[in-house]
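The following blocks contain the structures, represented as structure tokens.
Consider the two complexes below, in which chain A is the common component and chain B and chain C are the respective partners.
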Partner chain A sequence: MNLFFFLMSILYGILKFLHIDFVPFASHGYPIGLWIAYLIVAVVEVILVFALAMLVVVILVYVFRKYMADVQNRIGPNRLGPWGSLQLIADVFKLIQKQDIIPTAADKTAYRVAPYLVFTPVVIGFMIIPFGNVSLLNLMVINFNYTILFLVATMIISPIGEIIGGLASHNKYGMLGALRAAAQDMSYEVPMLISLISVIILAGSFNAQDIVIAQRHIPFVVPEFLGFIIFFLAVLGKQVFPPFDLPESASELVSGYTTEYSGMRYGIFYMGGFAGTALASLVIATIYFGGWEGPIFPGTIWLIIKAGVFMLIFLLIQVSVFRVRVDQFLNMGWKYLLPLSIVNLFISVGFALFAGGVF
Partner chain B sequence: MIIFYILSLVAIVSALLAASSKNLLHSSLWLTFLVFDVAAIFFYLENFFMSAIQILVYAGAIITLLLTSVMLSRRYQDAE
Partner chain C sequence: MTPELAALALAVIIVPIIIAILLGTAHHFSPKSYGRYTHDTYECGEVSVGDFQSPLPIQYYFFIMAFVVFDVDFVLLLPWAGSVRALGAGIFLDVVLFIAVLLGGLFYASKKGYMRWSSV
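Coming up: the complex of A and B.
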């Protein structure tokens, strides 16, 4: 059972108990009678998911700043709250209070739209991750047959926001950043999708929940190790952090597509980047490491552990590896990852044909 | 049913704006909006596969290529 229908049925029961009659929702294949209940549950779930995403971002940014400070022999945030843990909340208030500067030369509409194009898809992505099973209750906001495609779709929209942001600034550094973002975007998306297709072939389903259940014996990282490496590198290319932070590279392009952004608009870009890291580690844990499957502990804890390890690996890479050149990244994408992902596709087709029952 | 009509109206209006807008960047923004709106129509009609493919192919690939070519076009650079 889905979380949505669980909340729905509770609300439905309460309304029945109170003898409140509502106009029935236009019947459209949904097993739901009351549109107000539908609306309330939808709004509550969206708020819950947004709060979850923000919580993850706050924790991740705090860990990142402390860890980076440790690596660089500094102390890091240490004033607000225990061990400086409230620093980020203070930073958000500071960013909100800042003057809202829009450059006169900028394309105003596009300049305003761009940060939301980066941030919103990531929050939508959090709705589709299967967070675990509590007996019959399926901790997932929406569940339908093609959820894994939607997950990848949400990861692919955000580069558009980066390109539009860089273009709309009418700034030469922003423009160069947007060009690099477009080139980088095209070179990692294709291998990422092809390695995802081989997972779908092995699992035999497009549903994220089914993909997790298909890994109850062997996680897909074992038959799909090559695909995992490709997906990991592609997802690393999606992050706007070193070693693949070409669109934003601070030493050459000032700050790339975010050069003209300041205040909360820059904050939204920043949070979008960290939320993207969190979403990417959740996706990797779900499709290659068995998601919430695991012994002893409840499923959600397993998912948090697995995704947390990947978030730490991303942070580790980010503070310890230097930036690659543009041509190196494009070569990696088109000349190595793409052929390797096609090889991996054939390998997984072979697995599905000759050892289909095992996985 | 009324949601379908609203979505269709939005799609038609944004398509018209995409075709008639003088600014190339605004035109491609309206096209992006149109792509997501068509995906929403597919989602409303419960054709989830088409909806996902609409976003992946059109928003992921075509809009990115379109924006790259807008960036390199003479008119956009002159406007700057």
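Coming up: the complex of A and C.
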């Protein structure tokens, strides 16, 4: 049973108990109390998922700052709260007090829309991750047949927001950053899609839940190691992480597509980046490392452990490598990742057709 | 359309509203100072020179065309991917041919020297 319908039936029971169930107004055979319960549960769940995304961002930013300070032989945030853990909250208050500047040269509408495009798809992506099973209750906000496709579709919308933000700034650096972002998106998206097709072939389903269940014996990283490497590199490119932080390369373009953004608008971009990292780690853990499958502990803890390891790996890479050139990234995407991902596609077809029921 | 998809549609409405509340709060508390250069284009503190729309070569034009071809054609593989076991090896040979045509085109473009970072 799905978490959604579970909460909905509880709420409907409460409404029925309070006699808020106007059967005379029923339409399409459903009592109106059911519609009320449905609406309330949907709104509450969206807000809960938003809170979850923000919580992940707070933790990730804190860990990132402490870790980066450690690598660079500094102390890092240590003033506010225990070990400086409330620093991000203070940062949010600081950003709220900043002046809300929209440059006169900028395209106002597109400039305003871009932060929404960056952050909204990430939160929607969090609604689709299967977080595990508690006996019969399925900890997944939304479940339908094509969740994994929808997940990747949401992951691909936020780079578009970044491109729009850079172009709408009407700033030379922003423009160059957006053009580089477009080049980068084109290079990683096709290999990413093909690696995902390989996973779908092995699992025989488009549903994230089914993909997790298909990995109960062997995680897909074993037959699909090549695909995992490709997907990992693509996610690094998508999250604008070093060595692929070309669109915002702070040492050449001032800040790339976020050059003109300041205050809370920049905060939305920043949080969207970290939430996207968390989402990407969850996706990798789900489709290559068996998601919530694992012995002893409950499933949700396994998923958090697996995704947490990937978040730490992302941070480790971010502080320890230098940047490649943009033409090198294009060459990598088109001349190495794309043919290799097609090799990986054939390997997974071989496993699916001739390995006989192992997967 | 299942009820859960309607919840998804609701999320598309609610999440932007939360962001709008956040941005609206920030706008309400923001100081309103209007200096001479406050709303100018920012270029590291220097006064901006020239127009942002100066002619700029898009040095990856052929990559864009290859991207459109590959993205659209690999979406066509998705229905096959969901039911590889049911369709069997015969259909897989067709898929190999399909991919071979695409990769052949990519290889040709690469040999001709189009698949590189250059101003055409």
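The rule is short, and it goes like this: the second predicted complex is superposed on the first by the 346 of 359 C-alpha atoms of A that agree within 3 Å, B and C clash if a C-alpha of one lies under 4 Å from a C-alpha of the other, contacts with A are read in each partner's own complex, and residues count from 1 in each chain.
The definition used in the following text is that a contact is a pair of C-beta atoms (placed from the backbone, for glycine too) under 8 Å apart; a residue touches a chain by one contact, two chains touch by 3 or more.
What you are looking at is a predicted structure, and each value in this text was computed from that prediction instead of being measured.
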Check the residue A:Tyr257 against both partner chains and state whether it touches chain B (first), chain C (second), both, or neither. neither
Let me test your reading of the model: by the given contact rule, A:Arg265 touches which partner, first (chain B), second (chain C), both or neither? second
Once the shared chain is lined up, is A:Lys335 touching chain B (first), chain C (second), both, or neither of them? second
Regarding the shared-chain residue A:Ile96, is it in contact with chain B (first), chain C (second), both, or neither? second
Identify the partner contact of A:His170: answer first if only chain B is touched, second if only chain C is, both if each is, neither if none is. both
Quick one: is A:Phe232 in contact with chain B, with chain C, with both, or with neither? Answer first, second, both or neither. neither
Chain A contact check, chain B vs chain C, more residues touched by chain C
Touched partner set for A:Pro159, first chain B, second chain C, both or neither: first
Chain B versus chain C as contact partner of A:Phe144, first or second or both or neither: both
Which partner does A:Ser187 reach: the first (chain B), the second (chain C), both, or neither? second
Intersected contact list for chain A, partners chain B and chain C 105, 144, 149, 170, 175, 179, 183, 186, 189, 193, 206
Touching chain A in the complex: which residues of chain C? 2-8, 10-12, 14-16, 18-20, 22-23, 25-27, 29-33, 38-44, 50, 52, 54, 56, 58-60, 63-64, 66-67, 70-71, 74-75, 77-78, 81-85, 88-89, 92, 95-96, 99, 103, 106, 110, 115-117
In the complex, chain B touches chain A at residues 1-2, 23, 25-26, 29, 32, 46, 48-49, 51-53, 55-56, 59-61, 63-65, 67-68, 70-71, 76, 80
Within their complex, chain A touches chain C through residues 2, 4, 38, 42-43, 45-47, 49-50, 95-105, 115-116, 119-120, 123-124, 127, 141-144, 149, 170-176, 179, 183, 186-187, 189-190, 193-194, 197, 200-201, 204-206, 254, 259-260, 263-265, 268, 326-327, 330-331, 334-335, 338-339, 342, 345-346, 349, 352-353
Give every residue of chain A touching chain B within the complex, in rising order. 26, 28-29, 105, 107, 109-110, 113, 144-146, 149-150, 152-153, 156-157, 159-160, 163-164, 167-168, 170, 175, 178-179, 182-183, 185-186, 189, 193, 206
